[in-house]
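What follows are several structures.
First chain A sits with chain B, and in the next complex the same chain sits with chain C.
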Partner chain A sequence: MGNCNSCSTGCSDTAPNRTALVQIGGVYDYVVALAGNPNTGKSTVFNYLTGLHQHTGNWPGKTVARAEGFFTQADTRYKLIDLPGTYSLMTRSVDEEIARDFILFGRPDCTVVVCDATVLERSLHLVLQIMEITNRVVVCANLIDEANRKMIALEARALEAELGVPVVPTSARRGHGMDHLLQHIHEVATGAALPQPRRARLDDEIESAIGLLVPQLLQMIPNLPCPRWVAMRLLAGDERMEQALRSGELAEFSKDPAQELVLV
Partner chain B sequence: MNESSNVADKLLNDVRLLRQKLGSDLHDRLAGALYHRAAQVSAVGVHVTGRPAVDWDLGADKILTSRWLGFPIMIFALMAILWLTIQGANVPSGLLADFFFWLEGHLETGMKAIGSPWWLTGFLVNGVYRGLAWVISVMLPPMAIFFPIFTFLEDIGYLPRVSFNLDRLFRWCGANGKQSLTMGMGFGCNAAGVTSCRIIDSPRERLIAILTNNFMLCNGRWPTIILLATVFVAASFNPAWSGIVATATVVAVTLIGVAVTFAMSKFLSSTVLKGEPSHFFLELPPYRKPNLLRIFHRSLIDRTIYVLGRACVTAAPAGAVIWLLGNINAGDQSLMAYAISWLNPIGQFLGMDGVILLAYIVAIPANEIIVPTMIMAYMAGTRMTELDDMGELATLFHNNGWTFTTAICMMLFSLLHYPCATTTWTIYRETGSVKWTIWSNLMPLILAVVVCASVAQLSRWLN
Partner chain C sequence: MTLRLSELHPGQTGHVLRLDTEGSLRQRLLDLGLVPGTAIEQIMHSPIGDPICYRVRGAMIALRQQDARNIQITI
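Let's turn to the complex of A and B:
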C-alpha cells in the first residue's frame, strides 16, 4: 500500500484522516512510526536513523511537538515519524491518544517500539498493546550496553519466539545493532517478512465480550486489520473510536486490499 | 448508508450492554493481563546473570533524593551554577562590550564619512546598534555558560531527581510535579518555560504552571539582579568575599521566586483552578554518561541562539525608542524627562523612582535593556551608555538618591513584575485565552506592587 504515497496529490481512496496524519510531503515509499517509553533513547534512535534529514512541527490540532525525518535503506525511501513517548496506549492523555491514533489510522508500514533493555519487562507492556493494533512491529531493545553492564542478558531469539515479532538489541548511542534494525524495518515494511504477534490472553469475561463484538465488526468492515483492539477500545468507552465507527472512517480499511487481515 | 449506520448503532448498543456487564474495573483488568504477559515473556528471554559489585545508581538516588540531603544538594547545585555563570561571564562580557563599542566608534565615523545626517546616525548607531550590542554582550556569555550546565544536568539524569524531590511540595500545592522541569526551563527563558508546560497533561495543572512561570528569573533578568547584588549588596563586604556574597544574594532572590511560585500555585489551585492533583508516572531514569556533542548542540543551537535571536529582535526597536525618547524635545524638555517626572511619585511609592519605572515600561519587549535604559536616563545623556567600572556605577546610583531599599525593591520588582512581551504572546498562544493572558500579567503586577510598596513602607518606618 505504501507505493501510492509517492504521488504528491494523494489518491481519492486514501482516508482523509490518514493524509492529515502522515502529512504527505517529501518523496518516500514507506512510513515507519517510532514508538516507545520516555527515557529509552528513542530520540537517539530517531537521530541515528534520520541524521539531519528531519524537521519538527506540531501534531495536527494538538500542541504536542512532532518530529519526522527521512532515511534510505536498500534503495527504498522511508519516512520516519517520532510518536510521543508513552508508557501505555490506554489512557486519555493527549500523548497516548496521538500515538494510538497514529498507529491505527495513520497505518504505518512498520512500527518500531524502542524499549529500555535494562527494564525490558516494563517496556513490553507497550509492545503488547501495539501488537494488538498492528502486526507490523519491530522491537528495538535499546541501551543493551547498559543492560550488559548491569549483568542483564537478553535472548533475542527466545523473545522473538515468545512475542512473534522481530527483537533487535541495539545501542543507538554507539550505533551497535542499528544495521540489523534497519534490515528488519525494511523486511517488515516491504512485506518480505510478516510478523505473527502472539497476543496476551485476557480474562475469560473480557475475551468473551471481545468474541461477541469481533464478528459484528468484521461483518461491518470486512478487512478491519485489528478488530480485537477496536473492540477493546469500544469497551473502554473510547469516544474517538465510536466516532470513527459511525463516520465510516474505520470502514476505509476495507477499501485497502493490501492491508493484510490480522488473524485473531 | 442508512443501513450501515443502523448496524453501527446496534453494535454500539451491544458495546454499552457488555460494558455494563463488565463493570468499571475493565482498565485495571486489561492492564493486569498485559503485566502478566509481559512478566511471562520476560521470564523466558531476560536473564540476570549476576549483580554488579556496586549499584551506583541506587546509591546516588539514595543521596540525591534523600529526605535530608535532597534539598541542600539542590540549593548547593543552584549556587554552583549561578556562581560559575556570574564569575565565568564577567570577562567575556567585558571583552564583547569593548569590541562592540570599538566597532561603534568606527560605525559612527563611517556614517559621517558617507554624509549621513546626525539624526540618522544617532537613530541607527546610538539607538538600534547600541541596543543590540548591549543585549548581546550582557546576555550571550551567561547563556553560553548557563544553558550547557543546565543541559548537562538534564543529560546525566539529575533533573528528574529534582522533580522527584519537589513532587511532594507540588502535590501539596495541588499542582503537578513536572512543573519543576518547566520552572527549570523558565530560568533560561520564560517563553521557553511556558512552551515546555506542554509536558503537563492536565489542563488545570498546565495552566498553573504557565501562570507561575514568570516567577522564575529569566536570562533577561539575571543580569539586573546580578548587577544590583554586586554593586549594592556585595560592595559592602570584603572584596575577597564579594563573589560569594553576590551569588548568595542572587540565590536568595531566586529562592523567593520559588517560594512565590509555590504560594501562587497553592492560591490558584484552591481558588480559581480547583481540583485534585492528577497522577502520573515519575520515572527515575538511569544516570547516563553525558554526550558532550549533544549537550552543545541542544544548549547552544536550540536554546542559546534561539533565545538570543529573539532578544535581538525585540532589543533593536527598544533601543530605537530609547534614543527617540531622549532626543525628541517637547518645549524645553525631552520626552524622557517628562515621562520620568510624571512617573516619579509612583516610583517613590514603590521604593524606587521614575527612571526605574520608565525603564520597566520601555523594557516590556525585552527585560535585558532595563539597566542600560536606567543608566542612560540618569546620565541625562542622549544614548545608552556602558560603564565598565562597577564602582562608577555605584556612585552614579548613589548620586541619584539610591539607597539599599531602592536596590531591594528593584530586585523584588524585577523578580515579580509581569512577563515580557514574548512570554505574554507565548502564553496567549499556549492557552488560547485572552482572559488567562490578561490574568498572567495582572496577577504578578498586583503582587509586585503590593510587595514593593510594603517593603518601601517598612523601611520608612524603620528609618
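Let's turn to the complex of A and C:
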C-alpha cells in the first residue's frame, strides 16, 4: 500500500525518455528538474551543474520563472530545469503551481530536491510530497559545510534508507559532493538505479476512496500522470485541482509531456 | 495542559495539538511543519507584541497573534 506499483499507470516510472528532442538552446537525452525550499542554494547548484550564471541571492522567491540549462554527464546530455523555490506543492502560489505542474506533467527523468542541511527537517516535507508524485528522486543535502560548522552531522546512508531515495551531501558553493550528485542524477535518469521511495501510510478509508477515484480519473483522462496523487489532492479538497479537472486543463496537460516541456 | 500558542511565554516550548484553522492558512502552517506533535518554542515578540517569533524544526517563523491563537498546543 502506498506504493506507486499499486497504481495502474506506475506514475513517472513509465515516462517516455524524450531522447534527442531538438529544442531551442540544445539537444538533450534526459530532463532533470531542480526543486527545493527557497534559500537552500538551489540556484547555486543550478549554476554549478550548467556553468551558467543565473543570478543567485540571499532572499526567497528570487527564481520567479523557470530557468533552463544544459550539462553533460558520462556522454549523456541533460537539460536542467531550475524550478521556483517552494515549501510545498499544494499550490497556494504561482511558484508552487509551476513547480508542481512541471514535476507532474513535465515528467522529468529525475527530480533533484535541494535541501538546507542546517534545517533538514524542514525540507523533508517537500521531499515527501515530491516522492508521492515520482520515484525518480535524488535528495541533495546542500549547505553541508555550514551544517558541519554548526556541529550538525548528516548520516546520509541512514536517511537514504529511511526515504528510499539517494541522499547526497553537497556544498555547491565549494563544489563539494557535486560529482557524487551528478553520478546519482545519471543513474536515476537513465534508469540504472530505480529509487523505491517510502511513502506515507494512509488510513484504509482514504485508501479505499483513492481506489474508487483512480479508475474514474483514468477513464476521463487515460494519460493522467500519477492519478493516485491527483485523487489524493481531490480528496483533500484542493479546489484548483478540482477546477483543473472540470475545465479540461488537466486533460490538456496530460496529453503530451514532450509538448508540455516546450510550452511551459 | 492545553493552551493556545499565543499564550506561550518567551523561552517556553509546547507541542502542537491541533490547528483550528481552515483553507490556505492551515495548509501553509502544515507546510511550515506545524503538524501535531511538533515542538514549538516562543523566541520573542516584536515591541508591540505582534507578530510573535517561534522556532519550529530548526527554523524561525513569525506568526500573527490572531493566527497563533488558533493553534492548540500542549505543554
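In the analysis below, the second predicted complex is superposed on the first by the 175 of 264 C-alpha atoms of A that agree within 3 Å, B and C clash if a C-alpha of one lies under 4 Å from a C-alpha of the other, contacts with A are read in each partner's own complex, and residues count from 1 in each chain.
Keep this in mind: a contact is a pair of C-beta atoms (placed from the backbone, for glycine too) under 8 Å apart; a residue touches a chain by one contact, two chains touch by 3 or more.
Predicted model, so just to flag it, every value in this text is computed and none were measured.
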Of the two partner chains, chain B (first) and chain C (second), which one does A:T118 touch, if any: first, second, both, or neither? both
Can A:R77 be said to touch chain B (first), chain C (second), both, or neither? neither
Is A:M90 touching anything from chain B or chain C once the two structures are fitted on A? First, second, both or neither. both
Check whether A:H180 is in contact with chain B, with chain C, with both or with neither, and answer first, second, both or neither. neither
Chain A: partner with more touched residues, chain B or chain C: B
Looking at A:L202 after the superposition, I want to know if it touches chain B, chain C, both of them or none. Which is it: first, second, both, neither? first
Applying the document's definition of touch, where does A:N39 land relative to chain B and chain C: first, second, both, or neither? first
Partner chain(s) touched by A:L154 [first = chain B, second = chain C, both, neither]: first
What part of chain A is shared between its chain B contacts and its chain C contacts? 87-88, 90, 118, 120-122, 125
The answer for chain A against chain B in the complex is residues 38-39, 63-65, 87-88, 90, 93-95, 118, 120-122, 124-125, 127-129, 143, 146, 149-156, 158-159, 162-163, 167, 173, 200-203, 205-206, 209, 212-213, 216-217, 219-220, 232, 234-237, 242, 245-246, 248, 251
Interface with chain A, chain C side, in the complex: residues 24, 27-28, 31-33, 56-59
Considering the complex alone, what residue numbers of chain A touch chain C? 87-88, 90, 92, 118-122, 125
Under the stated contact criterion, what part of chain B meets chain A in this complex? 4-5, 7-8, 10-12, 14-15, 18-19, 21-22, 26-27, 29-31, 33-42, 44-52, 198, 201, 281, 283, 285-286, 291, 430
